[in-house]
Amino acid sequence: MPLLEVNSLRVDYPTSRGTVHAVENVSFSLEKGKKLGIAGESGSGKSTLGLSLIRLVPHPGIIVGGCIKIDGTDIVKLSNHEIRAIRGKKVAYIFQDPMTSLNPVKRIGTHFVELIRTHEPTTTKEEAFKRTRSMLKNLGILPERINDYPHQFSGGMRQRIMIGLAIALNPALVIADEPTTALDVIVQAKILDLLEDLRKVYGMALILISHDLSILLERCDKIIVMYAGHMMEYANSTELYKNPKHPYTQGLLQSIPNIELEDQKLSAIPGSPPDMHNPPKGCRFWPRCSYATENCHLKEPPLIDVGNDHFVRCFLYGEKGAQQ
Amino acid sequence: MSEPKVKRSILAQLMPWLKSLARKGPSGWMVIAGIIIVLALVIMTAIGPWIAPYNPTATRVGPIRSPPSLQFPMGTNHLGQDMLSRILCGGSIMLQVSALSVVICFLIGVPIGLFSSYVGGKFDSAVSLVIDAIYAFPGLVIAIAIAAMLGPGVINMALSIAVVYIPSYFRVVRSQVLSIKELAYVEAARATGAKWHTILLRYIFPNVIPSIVVVVTINFADAILTAAGLTFIGLGVTYNIPDWGWDLTDGRAYLAAGAWWIILFPGIMIVLLALGFTFIGEGLSELQNPKLQR
Amino acid sequence: MSEIVKVEHLKKYFPVQKSFLEQLFTRKLSYVKAVDDVTFSIKKGEIFTLAGESGCGKTTTGRIILKLAKPTSGKIYFDGSDVTNLKGEKLRLIRRRMQMIFQDPYASLNPRMKIGDAVGHPLEIHGLAKGEEKKKMVLEVLEKVGLTPPYQFINLYPHQLSGGQRQRVALARSIILKPEFIVADEPVSMIDVSLRTTIIDLMLTLRKELGLTYLFITHDLAVAKYISDRIAIMYLGRIIELGSRATLFLKPMHPYTQALLSAIPVPNPERKRKPVELAGEVPSPINMPSGCRFHPRCPYQKDICRKKEPKLKEIEREHFVECFLYDV
Amino acid sequence: MGLRAFIITRIILTIPTLLLLLSMVFIIMRVLPGDPVSLHFEKKADPELMDSMRRQLGLDKPLWMQYIDYIGGLVDIGYFMQHGYPNLGKSMQTFEDVGGQIFSAFPATLELAIYSMMIASILGILLGVLASKSYNSVLDHLIRSFGTITYAIPVFFLGIVLQLIFGVYLRWLPTGLRLDPKIEPPATVTGLYTVDSLLEGNIFKFFESLKALILPSLTLGIILSGIFVRLTRINMLETLRLDFVTAARARGLRESTITYGYALRNAFLPILTMMGLQFAMLLGGAILTETTFSWPGLGRYIVQRISFRDYTAIQGAVVMFGLFVTIVSLVVDILYAYFDPRIRL
């Protein structure tokens, strides 16, 4: 049984200008200890997808369909109390901006102790503090700083603390949503290295959400490419890199500068991402696609199995959907 | 020829705005409700003298302190004046005082705020220090002190209220300018060689207006309440003009006798008028709050 | 090739705000040394890049060159003449010849100004064109930045455009005065990846057509490599390495440049990445380390690095490095 | 900087603020209106009588000397030690010390202010939290309407309505005065009747004075609670949307921890600041409330003096209000620093 199984997930945002279908028909699964990347530009629904996995879609968003099974339990159907027991304990989340993700009026140690004692009420305070100190050491932070407040740490340090809070209870899955976008490139590399080291030690599965396909290609086993709320392509990183099928993925790969290449020729995808209040009918990508046919305007393409564990949502590869 | 065109264009601009407000949910409806209340009361006061059944200042048009009846739907006061007529006409002083004080505050507070915060430095610090001191002071106490010195009258009342509310304008304008000043489009205008007054008037001021509108509505409501308060402690307009504030003050003497109608109706009118403006301000400020938009 | 911009020993120190009590007890003012003795020149027609992490002083340097901030000391030359202390009308004349593009496309346009007015306003400011003539020039320049058909855009407000379109409008506004020099401060970092190349290509096309020179400011070395002719790497207010694109990326010499390059993610799953060999994080610019300001993090630090401040030296032809490792 | 250093700094900084405030009162009260003595007599008195009064009150001196007298009187420690109140000049009406009159009226205002503030903050914060937790629901709209409507009610109108209901019709509560005139007030220690009667050990007097406090403090408290409701609600809403709240939810913390330990704990800081500023508004409302309920405090004192055009007394009362507000803002700033670790760097 896979650790995480998502089936035909749909998330809506009802707004005054009409309903936005932020995530539509997303299905995938993740095995224990594996690393999955979710790539997408602004408005692609990647963050909504990530948050819906712990049922924390921001107001007024709601999960309107599909199921999210963690170890076989569909969390969409759980009570508020039951889902709280999963958050932080079984599935942990790391947010984009470390500067704003910690409670400014609470000490660092309190954040940890509070977390440990919420999920493991039998742990004593002393025991929780002891565990916090050793965790800080693992994160490369002096244990003496346990009583400092968040504002006394740099951005990189705070993201280390966020990682520590995420892995403190040894969850089965960590979801990191743009964990290093707010940080400088050197800190970014070091944070991602730390996350990878700890992940290996604890044997967790990881979902890395990013707009930066380079990071995902470098660090994930499998990658989902999202566009305008739809899953456009789903494949192994190497397969995706060498053999991108969807015109959008192809365009994206051609627009990323690669520092190792000499005189690289970059090209852009024409047009701009759709207005999510009024997305194009049929395939969401057709207005920007050079291969678009009339069929693409009319019908939404199904997810097609092109073999080699590689799925793509495009009519170029047939008409019939795959059974996942 | 051109006038109806202008009118139509104002309406044409207003209607979509109201419609878009209505679509924005409770806060939008609040703004619309406020606008309707205020407009209704202003129109009522303007046509009051023509529709009032009796002369509002004529005494002994009916029995003294008669409870509401068919002939006098809101009863009469101790002078035998018809309360309904007085209610219909009694908003003019409050509206005058509040409108005048808003104009004074706007004309003084906004330019000082714009200029001081744009210039910055020591000048700005000094002006802010003085303004903050006034702001921290109990507003009604200052208004009472000034009104007591100046004596009664519409202009004096408006002036004393204005002194209290200039700091609100200054502070709102200043905090807005300080953040807008740092934005890239202001920097871009500077880099292009625009003169400081061009930047202030064309790049900064138009973006401060929404916040000023909120202050204006709150100022209106506060001015109405302050005017009522000044009247209540005997600093109001004393000559023979119907005024809700005065009726309310006057009616208090007959409270023990149970003459509730003399105080209730003017009181409700004051609440309604202030509420209209508060609704507009409260609704707009929630709609404009960038931290609640996501 | 002649130089269009030259800065010499540019410094910008911001005094640190202190509390009342601290002011009572200490006389000494402390400073954030945002820019600390920077010298370089930009040749006519080239794209010169200032790259570095946040807080390294690259944006402040750009703003000083455009006279949007006053330097604490140092000189700025534009087209051969000293513009450091220009004021009033003379400054306005210079401003016609240099422009700026900003990072955030959502903040760089006045939300209450229609696109046509925003783009045409510089013409009005300098009294160059009015009415129909202005409109014609606005349409022309909108067409040039790829907003077609241009008449559809002039009556829109910024919030009706996408991020990429806004950045085009900002470009249009900056080139309408036909400047010779443009400072582009992270112009693509807030734009979606799939659209970045269009903006970069547009900048390159405009350079060719209008004979522009760019000072390109970025934290993204991959983008810098794609666009620049020459690159200067900044660290804590100083240029620590400067060279042509080819030399800098093929043969980075300063340990910091090497670390920066090794940290950049490469879109290739088959490449094994090496861990970054750099201790700690960028120190606070208020308490600058003694000697070489990079030494506490440097894997090759020597005794001299702690004591003496290195100077930017030409190690090879047109390749400058500020490091004792290359002292002969 | 530690908390103690911050407190010392803040107290030192109060001195120039206070001086500025006193100067402003002087300008408004003394410079703007012209000659207070002729105002007092409405220009109808004998010029010689007016001259002698000017001499007696020191108003014949040049303005700058009057200013020095005014500030000098306030900082005259010797006078303060001797009389137990600062030198605020003499009343134009009774020729008594204004300082003495004000100091005997002040405790009534203080007591009213304390109880009103308690009602306003408890009611306001409670309702505000409730509204923010049920954002955009019927309950939220109801609470929001309460907050908006109370803001629009003149405080004395609410006072009169409450008097009418609970005093005139139901006859449950007294409609005025601090204590039934038939009852001897408790011996003055703090000047607050509820505290003094407890110190005396007299429960009966305590309940009587509490009964008298109910209507006035409820009136003022309800009016003020509207602002607290709106403020708490909006700050809670903003804070509940912040990243660290979402992050806390993602860690599975209990909703009560998130509401109180995360959202309210952070939203409380701006609320605290506004509480300090609202104290000024509360004092303004106290003037009207005291007039409505014949409450013998500073507000009623000022209103009575206005009818006599007793300029020295009005000035003294205004100075007293100013001092009070300054002290409150000092306390609020210190509390803020105590609650916000970021202030102490």
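Points worth noting:
Read from first to last, the chains carry the letters A, B, C and D; within each, the first residue is number 1.
One rule holds in what follows: a contact is a pair of C-beta atoms (placed from the backbone, for glycine too) under 8 Å apart; a residue touches a chain by one contact, two chains touch by 3 or more.
All figures in this text were calculated on a predicted structure; none of them were measured in a lab.
Central chain (C-alpha centroid nearest the global protein C-alpha centroid): B. Set against one another, A-C and B-D show the most C-beta pairs in contact at B-D. Among the other chains, the CA centroid farthest from that of subunit C is the one of D.
With centres taken as mean Cα positions, subunit C sits 32 Å from subunit A. Remark: subunit A and subunit D have CA centroids separated by 53 Å (rounded to whole angstrom).
Centre to centre, using the average C-alpha position, subunit B and subunit D are separated by 24 Å.
Multi-chain contact residues, meaning those touching two or more other chains, occur in subunit B at positions 25, 294. Counting partner chains per residue, subunit D shows two or more touched chains at residues 241.
Residues of subunit A touching subunit B in their complex: 16, 58-59.
Contacts from subunit D toward subunit A in the complex involve residues 135, 241-244, 246-255, 257, 261-262, 265-266, 339-342. Across the complex, subunit D is touched by residues 54, 56, 58-59, 80, 84-89, 92-93, 95, 97, 100-106, 114-115, 118-119, 149, 151, 162, 165 of subunit A.
Residues 183-185, 187-195, 198, 202-203, 206-207 of subunit B are the ones touching subunit C in the complex. Interface residues of subunit B facing subunit D in the complex, by the touch rule stated above, are 25-26, 30, 129-130, 133-142, 144-146, 148-150, 163, 221, 225, 228-229, 232-235, 248, 252, 255-256, 258, 260, 263-264, 267, 270-272, 274-275, 277-279, 282, 286, 289, 291-292, 294.
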